[in-house]
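The first chain written gets the first letter, and so on, giving A, B, C, D and E; residue counts start at 1 in each chain.
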Amino acid sequence: MNFEFEWNSIMFLIPSLFMFCCGVYGFLTRRNMIAILISLELMLNAVDMNFVVFNRFLYPGQLDGMFFTLFAIAIAAAETAIAIAIIINAFRISRDIDVKDLSKMKF
Amino acid sequence: MEATIPVLILAMPLLMFLFLGLFGKFLSPRVSGIIGTAGMGVVLLMCYYTAYVYFFSGSPEFINAEGNRLQAIICNVDWLQFTDNLIIRLGFLLDPISAMMLVVISTISFMVHLYSNGYMRDHHGVYERGFQRFYAFLALFSFSMLGLVVATNIFQMYIFWELVGASSYLLIGFYFTKPSAVAASKKAFIVTRFADLGFLIGILVLSYYTGTFNFTDMTSVPVAGMNDVYAVSAETATGVFNIFQSKAAAGFMGCSVMTWALVLIFMGGMGKSAMMPLHIWLPDAMEGPTPVSALIHAATMVVAGVYLVARLFPLFLVNAEFGGYALDVVTWVGAITAAYAAMVACTQLDIKRVLAFSTISQIAFMMVSLGVSREEFHNLGYMASMFHLFTHAMFKALLFLGAGALIHAVGSNDYTDMHGLRKHMPITHITFLIGCLSIAGIIPFSGFFSKDEILSSCFGNSIFAYVWMSAVAALTAFYMFRLYFLIFWWKEHKVHEGHHAPKDQPWTMTLPLIILAVVATLCGLIPFGNYVTWDGHPYDFMAHFNWTIAGISLAVAVIAILVAARMYKTENPLPAKMRQAMPRLWDWCRNRFYFDELYMFITHKIIFDKICRPIAWFDRHIIDGTMDGLATITNKASYAIRGLQSGNTQNYVWVYLIGALALGGVTVAVIFLFC
Amino acid sequence: MDYSQFLAMKQEIGLLVVFLVVFLYDVFMPRKGVAADGRAYVKGTSLVAVISFAIFTAACFLCPCIYEPASAFGDMYVTTAVAATIKNILNVGVLIVLIQAMRWADSDIQVVRRGEFYQLLLITLFGMYLMMSGRHFLLFIIGLESASLPLAAMVALDKHRHESTEAAIKYILTACFSSAIFMMGLSFVYGLTGSLYFVDIASALSTQASTGLLTIAIGFVMAGIGFKLSLVPFHLWTGDVYQGAPTSVTSYLSVISKGATAFAFVVVMVQVFGQFYTAAWEWMLYALIILTITVGNLFAIRQRNMKRFLAFSSVSQAGYIMLGVIGVNEMALAALIFYVLVYIFSNLAAFGVIQAIENKTGLVDMDSYRGLCRTNPRLSFCMMLAMFSLAGIPPFAGFFSKFFIFTGALNQGSVAMYVLVLIALINTIISLYYYLLVVKAMYISPDECKVPAFKSATSERIGLVITVAGVIFLGLVSCIYDSILALCGVA
Amino acid sequence: MDSVGSLILYFVVAFAIMVFSVLAVTTRKILRSATFLLFALFATAAVYFMLGYQFLGAVQIAVYAGGIVVLFVFSILLTSQPGDNAKPLASKKRTLGFLGAIAMFVICAWALVDRVAMLVNIPEMEEHTMHKIGEALMGTGHNQYLLPFEAISVLLLACIIGGIVVARKKND
Amino acid sequence: MLFSNILIYFVVIPLLMLGGLALCRNIKQIRAVAVVGSTILTGLSVYLLVDYLGLRAAGESAPMLYCDSWTWFRDLNINLSVGVDGVSIAMLLLSSIILFTGSFASWKIEQPKAFFLWLVLLSTGVFGFFISVDLFTMFMFYEVALIPMYLLIGVWGSGNKNYSAMKLTLMLMGGSAFLMIGLIGIYYQSNAPEHTWDLLKIAEYGVNADWQNFLFVVTFVGFGVLGAMFPFHTWSPDGHASAPTAVSMLHAGVLMKLGGYGCFRVSMYLMPEAANELAWIFLILTGISVVYGAFSACVQTDLKYINAYSSVSHCGLVLFAILMLNTTAMTGAVMQMLSHGLMTALFFALIGMIYGRTHTRDIREMGGLMRIMPYLSVCYVIAGMASLGLPGLSGFVAEMTIFVGSFQEADTFHRVFTIVACCSIVITAVYILRVVGKLLFGPVQDEHHRQLTDATWWERLSTATLIVCVAAIGCFPNFFANLIKFTFDGAIFRAIGLN
């Protein structure tokens, strides 16, 4: 049996989109702030993958998508660092990192 | 004629008003009374002089070669220019009727000024509060009334028309602490205002089509070779009629536009002259001081309506000639009012009210007289009307001043407090009797002549009018003598304990009575037709005198007086029996056919309760409520969406996500669906 | 490899120099000062920061070479006279913020951290510079992140206050989510065009028809930038963060961050998606503006906390700023810049008063402002002017800026634009209502004032004098607007 | 054209991405969540390798998997006791989240599929040498990334400062 | 040179007054500044009037005189352009007189410094508005005049002042929102070779016919709100009721005139074709205003409400007349503005003085004041007489000019509305006499009132000045009519055959 197939961009885009949506779901539903950050990482990661996939499939002659991903990873790291610092500070103040409890200010 | 004296005739009272009004409180009442009276005396002399010059100088600007009297504009100043043609001017028009009115007004006004010196103080000689103000207002009224009669254009007339209304308002409300006086003054002003609305619209219509306010442009032709001199001409009036025929719509609600204009203008006259149904203010106006009633509400202001119709008479006449109804309206209104007022006058208790209704009735006579006046019989009615205006002014002023003397002496308006005063107040008695004889039309008193002319002209028009008006004349004689007998006879006067017996009043009050009595007796003999006719052409009435009519009317009057004497000369049960014989009629007459109640119903129950209050409510609740509602809605919306800002980060993010998706998604959908 | 290209970035380099001065001063100077609780700190940091920044601001204003258009790094970085002017305007704003913040930064609680405050602030400003001058989405995103991540730390700077932390968390979480969405949109744009350079994207897009993917990508990009501008519905963090953050940070956040992003927004929308204007993003922006102005106003009506109140007021102001974007013409652009300038001064005047009172008494409630005119007439006068200016009442600058922005928006002349401006104008009535509420509290309310009479610090006074002078004269002195318009005409 | 082996590998990787993503956001134990994230990141790295971006794959593993996840784990250990279970979610919240995610997925997927030109088969690509990558990273010309590189260094510096000032203990 | 133009002093002097007031230390100085400043302004406007008439007599035929223009915002073509014609001069005269009398009427106000500062700021706006011929500056001054009202009512007002002040400000600003869009629209849609704000230039070239209708409606509504046009009048009763005396005077006397003036100067002057086409809509609204305001006034019991509704009616007449689009009616409109301004100022001054003594404005609680305070009562009667149109006072000439002018429009629609408007003179009489009867005449209602005093000298001065002005217009109307008429006889209205 001579099974041959072509890689198609959709084969990567859909999982990546799925990952993004999982991230969205997690971001919207998790109560632990660190879990929310984890969801965020999923989203960012999906974006990175998108870039890479587009780069590879549509514009193989250049590296822009890849470089964006490279920098995006760094940005993600920076975001995580700041966010975790703030979360830890919050934890120090209230011994709690449930996002639901952070709704003193409203209306 | 030089303009100096005419201008002074108007300026003097005005200056007196300003002087007494502004500085009156620094003057003693006595001095201001003297100033006022003296000033009015000067005006009187100037008016007499002017009238004399007009009627007797024979100057070509006043009378032409054929002996026709002309209209002369002595002076005319642009006051307010609306358009190129529509200009309000203030001027001085001298013609037979205005000259005649000058005499009437200045005479009565002077008498009243003189009389008030006595009347406006109590038995101890203490002046009433506001005495200076009283004289100021009298001067204002004189100014306005003089300005009204000499108006050169209809708008000037309207201006002074309003001013007399205002001064009448001020004088009726002179005793402003008395609620009834305040109410009466308000009523008088508002009712006449309502009528003036008609007048104003009439002016607007008339002036729009004719393109002028000037009386002379509507009713007269300029006399060749003379500036500002005009002769009354039916051709000009016909020209006006033609303008309406060509420019205006064919008709509006069954009448031609010109008829509407004239009827609307006449509406103004109805208001001022207290024609039914706009008469209701006049009886109440008797709340004012009696001299005021004599001056304004008997002799001068109330005849302004008659004067107005007379002023525009050529237009009315032409209108009638071409089948318009304007004059018929005048006739009918006059006839009905005359009868109505006479009936009501028979039942009133208050002597001033009796006189007031008598005034209404007599003015209605003048109106009828104008209304029945036709070209075919030399427009006798016009002359008769003016003549009656003249004589009526004299004898009615006499009656009012006499009534004032009685009231002042007795301290009450009610004849039940009087009775049998003939012995106590002989001068008043005699003069009052002369007034009554005159109004009843007994020869040779002045009323006889003028009334006879009116009845003649009615006869000339239709037999129905003649019979109707003769009946009213009989009623007139009856109620006047009823009044006379009830005041001076009926039974002996009973003096209450602790009161002085009533007696004749000081000379300031009796002198005018005597003068007016003399005038009222004699003025009927004036050959009026020589001076005042509608077109200025002299008309010798005596030459056309109809003895039959005169005899009949005299007989009717005498019979009526006898009936009155039988019923009221001595105390007897006959009046009471009569009252019981026709209670319904008596009640209606006594209550003036419930007109006041009707008006109260219309104004309070309908205008106030059904229009004003709902509008005010609508404004506060609907219009304002809408505006407030907008604010409330904004606030509500603000509350409604506050859940968006729940404080929960994940909700924020959710909204963010949906927003971001919607932003693109909805746009895509819209493009997909519509493009 | 031409490293001299860095020299094209004069303002950025200058800013980094200021940053380094502050950084090095703060790190290496001996800690001679001792705070109330015994902690040691470096003396004079505030002064150094303010003075060095003032020198930098003045230099940027005066040096003509700043205004020369330049590009570097293969057009990844482009500066123009307009951009330089905007940066200068922002510099002035930042300078005022710094002056107004001195009192707070020198307070016993903050004094230890104030070095970091200045450093973070300068870096966020640097990020905003990059946003405005970057012509490559990667650089843009780095600028955006530099402008928001350190801000989150600044928001959390009042560590003793729970609200501060809560605000920081809300801010960082929504900011991260927003940047994820933004980058998702960018990935679509990249997929469609194969480049992240603005110019290349525009030219690539010009050859293809509008597709659903592009529209959605534009939506995501708009959401990402709209987040920083706090356009509705991406604004929800605004109220909480403004309220929770230290007041100095709030004032910085509300004016500088907003002004910079507004300009970046124009650049992205016009340069990248310019040709899809009428097809897509005009209508998106149209909807956003209406929502922003209306919802911002509706929320502002009920606020009692002054900072939160100004937050929602700034949401609606952002809507007005966007009116300058939707006009897409030079007059609208000039109006936008002028609006931002005036907005900086008006809002900072308001925040100056709030800070002065908060620093003295800790009160930020509108209710505690009742009767303020009797205890502190000058402060309440400043506040009133600020409110009038924000509401657009002549002869204060806000009137002119609002008028010009409407004029700019109507330049296009379509009926839809008239409708939009009408809606915006009707909203000014609502906004006038709540601005007047403040005036009412201060001037009309008969209550006894909770704020005692006090003398504010010199720095606060200087700040207020500058802002009030700006509020009064920016509009009346016409050459300011004229020169901005002239610049935009050249660009 | 590729062999069945690659296809199987693809399925494994795609499956791993999806499953671990779902698990990472649904598991109640936070530490497990971090672990699943790690697996998802690995799977992503595998995608990068499959597509020929070895350098990127390495960075992904080093920075993401190695750096960030460790950061997560530390902070998790710092902020929660072991064995802490998240409380079950309120159904309303879950529904909303689910709706949002589904909407996102449907819209984006539709847009992607709608744009047919994007759904292409894999083209040939020449090898990216480290030299080429390094040159692009450090160059100043078009499509070269020195400026972002410098800029992100400033950003990272700021984040360090910010992180420190926020997270350090109160009394210092 | 900026200061060589006489008109600029109408803004400069109030600004100097502001500066002077800011330096004042005690009430005497404040009064001095207010009185001196307003006297100078009055003198200036009288001088301007005389000089203007002299120039016209010498044959100047330009639509506006004393024109001058200084560039302000160059690229937007915004200039500080000034210029006046008869109408503006009449308005300037009115404003300065009312400011003068208003200063006296607030002789004993609390917090005088702040009060006069705001008052003078308000009048700066008013004067600036009347001298401007540039739409932008006009609008700017317009808003400058509006906002001090909020504080003046809020701080110095009485009754439900918070609500009223807010309502007034918001509604008027709502009007100006419409106005702003209209003005910008005119800027863009004029047929002038370049976009311009200059009234005269726009008038010369006209406005794009496609846009005229829209712009006309918007600007007319915008100004109409301030002109108290139905149904946007509801700010007026509450606002007037709560405002302090001098503010009511200025507001009803001058500010409401800004509405009428603006309607004429912007809506009608620049877009006569649209005016011709759409006047009927607003004729209906203003016709309703006239009658509706009068009817509402009949049943009010608060003195200020009565006057506020009466203002609605009278100002409705102003707009009504403007919409008639003929010289006579428009002249009448301006005369009505003058007349209503003076007489309503007089009314509000008197009401303020009475209220200051009796501490009630409910006519049911008062009565017989004529005996207690004869001076004030006589003034009140005169004001009432002026209001109901007694000849010799200003109301009559204004109303008559309007009615005669309106009647020149011969179609049924105009006729009907003219007659409806005429009816208002009867209703006016009803409510005026009702008040006069209840308030001044009759027995004294409240025995405490017997101790009250009559007017003080400054009150006498204030009211006497107004009465003299009212009477002057009433007695010599042609002087004012000729002053005003020139504008309406001008080329612009002739050109499109509206006369």
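Definition applied: a contact is a pair of C-beta atoms (placed from the backbone, for glycine too) under 8 Å apart; a residue touches a chain by one contact, two chains touch by 3 or more.
The shown structure was predicted, so the numbers you read here are calculated from the model rather than taken from an experiment.
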Hypothetical removal of chain D, resulting connected chain groups
one piece
For chain A and chain E, which third chains touch each of them?
B, C
If you apply the touch rule, which chains end up adjacent to both chain C and chain D?
A, B
Count the C-beta pairs in contact for C-E and for A-D, then report the pair with the higher count.
A-D
Specify the chain with the shortest distance from its C-alpha centroid to the centroid of every protein C-alpha atom present.
E
Let me check something: if the centre of a chain is the mean of its CA atoms, which chain is farthest from chain B?
D
In angstrom, rounded to a whole number, how far apart do the mean CA points of chain B and chain D lie?
102
In whole angstrom, the CA-centroid distance of chain A from chain B equals 97
Suppose each chain is reduced to the average of its Cα coordinates; what separation in Å results between chain B and chain E?
37
Counting in whole Å, what is the centre-to-centre distance of chain A and chain C, each centre being its mean C-alpha position?
28
Residues touching two or more other chains, restricted to chain E: which are they?
170
Multi-chain contact sites of chain C, meaning residues that touch two or more partners
138, 142, 145, 149-150, 152-153, 156, 159, 168-170, 173, 177, 184, 188, 191, 212, 216, 239-240, 302
Spell out, as numbers or ranges, the residues of chain B touching 2 or more other chains.
642, 645, 647, 649-650, 653-654, 657-658, 661, 664-665, 668
So which chains actually touch one another? I want all the pairs, not just one.
A-B, A-C, A-D, B-C, B-D, B-E, C-D, C-E
Which positions of chain D touch chain C when the two form their complex?
107-108, 110-112, 114-115, 118, 138-148, 151-152, 154-155, 157-159, 161-166, 170-172
List of chain E residues in touch with chain B within their complex:
167, 170-171, 230-231, 233-235, 237-238, 292, 295-296, 298-300, 327-328, 368, 370-371, 385, 388-392, 396-397, 400-401, 403-405, 407-408, 410, 418-419, 422-423, 425-426, 429-430, 433-434, 437, 440-443, 477-478, 481-482
Which part of chain D faces chain A closely enough to touch in the complex?
1-4, 7, 10, 14, 17-18, 21-22, 24-26, 30, 33-34, 37, 40-41, 44, 47-48, 51-53, 55-56, 59-60, 63-64, 67-68, 71-72, 75-76, 78-80, 86-87, 89, 93-94, 96-98, 100-102, 104-105, 108-109, 112-113, 118-126, 128, 132-133, 136-137, 143, 145, 148, 152, 155-156, 159-160, 162-164, 166-167, 170
Using the touch definition up top, name the residues of chain B that touch chain A in the complex.
642, 645-650, 653-654, 657
Sites on chain A touched by chain D in the complex
3-32, 34-35, 37-39, 41-42, 45, 48-49, 52-54, 56-58, 60-64, 66-67, 69-71, 73-78, 80-82, 84-89, 91-92, 97
